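Take this structure, written in structure tokens, and hold onto it; I'll ask about it next.
When the chains are written out, they are named A, B, C and D in that same order, and each has its own residue count from 1.
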Amino acid sequence: MVEQREQKDLSNDEYMRYSRQLIMGQIGIEGQRKLKNARVLVVGAGGLGSPASFYLSGAGIGTLGLVDGDVVDESNLHRQIIHTESRVGMNKTVSAKQQINMFNRHVDVVTYQTHLTPENAREIVQDWDIVMDGSDNAKARYLINDICMILKKPLVSGSALQMEGQITVYGYNGGPCYRCMFPKPPPAHTVTNCADGGVLGVVPGIIGNLEALEVIKIVLGFSDEQILTKRMIFFDAASMRFRNVKLRERNPRCEVCGDEPTLTETSTFDYDDFCQTNCNKYALIQI
Amino acid sequence: MVEQREQKDLSNDEYMRYSRQLIMGQIGIEGQRKLKNARVLVVGAGGLGSPASFYLSGAGIGTLGLVDGDVVDESNLHRQIIHTESRVGMNKTVSAKQQINMFNRHVDVVTYQTHLTPENAREIVQDWDIVMDGSDNAKARYLINDICMILKKPLVSGSALQMEGQITVYGYNGGPCYRCMFPKPPPAHTVTNCADGGVLGVVPGIIGNLEALEVIKIVLGFSDEQILTKRMIFFDAASMRFRNVKLRERNPRCEVCGDEPTLTETSTFDYDDFCQTNCNKYALIQI
Amino acid sequence: MKVLVEFSGGLELMFEGKKHIDVDLPETHTTLENLVDFLKKHNLKDKEEMFVQGSSVRPGIIVLVNDTDWELLDTLHYKIQERDQIAFISTLHGG
Amino acid sequence: MKVLVEFSGGLELMFEGKKHIDVDLPETHTTLENLVDFLKKHNLKDKEEMFVQGSSVRPGIIVLVNDTDWELLDTLHYKIQERDQIAFISTLHGG
């Protein structure tokens, strides 16, 4: 799909603006052009999507899509740095677009002022090269995974809660997808109390930045060993430890990314029934 | 010094705003009050200081000092996310303060529109509890270290270049200072070409966030084992690997933090002569 | 047989808040299945369905042996070695 | 004696851009001082003052043995063990 699009060249303004990263051997003019022609979709303009959108824009990703149906709330601002107090009440994608427009005029920001749903997922995701999961609940994570696997898009996935974070890349170079890792959601009866577990804002800040980094490396064509596929990083902010873990391969019998997938349309899968109550926000901490 | 100050309490607005982190066991109301009463100085409002200032403000650090003599340049914007295009040409601390004021009205931002110098260092640093190094050259790093050790302030120090980053905490709980680690600067003749080595913006983004995290943990009184003292993290963004390294103890014969320090005033030390040409920006990559 | 067992992602709350415990496993207990059973009987302080389901861990928990996904190591049937580090990590969904 | 030698912080540029190399050290070469000398003679591709100064590494380089600062290990006199991982890292100043 990337090959079929007309490739835009860099303007003189852009050469100047990106000069500090252009001079790196790993990027160069060719790499900067790849960034400009890349289309990256960030699902969720919250704790993960805020920092990631900033750095993806800063790096010169040419077209950035944002999906979020929520509005900015003051209690988000401890971690959602792309928003401001005066934009409380505004849809998060619109608020983020306003900040990005002030920050880098060369980025075309496309906003989807809705949550991703089993019904709209194909239409929203199909036009993008790479998807970044910045969502905040299990149901959204299964849905994002499924549509990415169905449409064969690489999915950079991160999550954070309290003082821990996790990040990996799904569906890339023979690595597993979210369903390969978690074919079954946590049983409903393990999640009796769905109160919010809380999060220290800079923790999703770190994870969102690591997600943006992996997106950039995929766009630039870094080697398979360098991309976080078949690997997951577990971050413990309290002890400042990063654990780099070797993961399983793709499961050939996976429902959605296997050799004979049975889940081929998200609109025919009942995510509410699948996840039950445990798919509420921040569910997993109440184990 | 913290004990002598009048301790401010949280307003109802602040309880609401910080509710998502207040509910964490590691923070609570007491921790949030500590954050409000903390005074944190960030030296450098650039690639490291931008994300760190965002997250320190978001977390509710009550008084944030910013030191930088530079103005915003468009070629900074690929990594300095706290600035905007319309603020190009403005002093970086003033630009950062404008963004923080829009983001969290509860933070008192104090700007020093100057570089830290051997002459002004004591006056600027003496009123703060914790210092974060967000500078971009070796001379500044020795100077910041020295004044922090002289005034016995914990120093959270990070650096980034190309696709690598390093972070540690100096002068804390018996750990080394920058001079304990590097008593001599790199010899001048190893630095023949001082061209800029470049940096991928999200790399200082990650390191700056890790610095903000350590500042927050120090304010909250996390245990000595949890703070990054006598340890350093080396981050390789290309391979997505974090190396957690055990460092030496404080050197009792260190010039500035030893048992009988000889360097007790920065104004009497010749930093230009000490560092020679290698203290220019981005010097170390040209080895 | 001594092994280091680690919990994170919130699972530590079911083990008195401990992020790691040293476990001295009887010689007759040598598989991960045995370890899960041992932990359930000796260390688990909360409702067992928060940690186990049948003879395995509940869905949503990743099990690691020396930083390797147990799916690469025969899962429940993996034979534990002296001084293995076994981690149980609950996946996070927040953001 | 086989050791893994790693370079970073820009030092790899002086070793043909290699971030790690396997070195087979003669049995008579057993200290870190010997290793620095060996690397200088066999692997260093740029001006030697970029890496060494006298019989040690130049200021601004951190040396690690299995992720431990060599200052905790007798620095140049440390006796290298089979399969040690030795890292030479140039400190960074940018931001």
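We adopt the following convention: a residue touches a chain if its C-beta (ideal position, glycine included) is under 8 Å from a C-beta of that chain, and two chains touch if they have at least 3 such contacts.
Here the structure is a predicted model, which means the values were calculated and not measured.
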item	value
Chain B and chain D, separation of their C-alpha mean positions in angstrom	29
Chain centre separation in whole Å, for chain D relative to chain C (CA means)	39
Sequence positions of chain A contacting 2 or more other chains	162, 197, 199, 239, 244
Pairwise touch network: line, ring, star, complete, or other	line
Chains grouped in pairs wherever the two touch, ordered by label	A-B, A-C, B-D
Residues of chain C touching chain A in the complex	8-11, 13-14, 19, 46, 49-51, 53, 58-60, 62, 64, 67-69, 71-72, 87, 89-95
Parts of chain B lying in touch with chain A, wherever the complex brings them together	16-24, 26-27, 51, 54-55, 58-60, 74-79, 81, 83-86, 102-105, 162-163, 195-203, 205-206, 209-210, 212-214, 216-217, 222, 225-228, 231, 233, 237-242, 244
Parts of chain A lying in touch with chain C, wherever the complex brings them together	44, 46-49, 133-138, 141, 158-162, 164-166, 181-187, 189-190, 197, 199, 204, 207-208, 232, 234, 236, 239, 243-248, 281-287
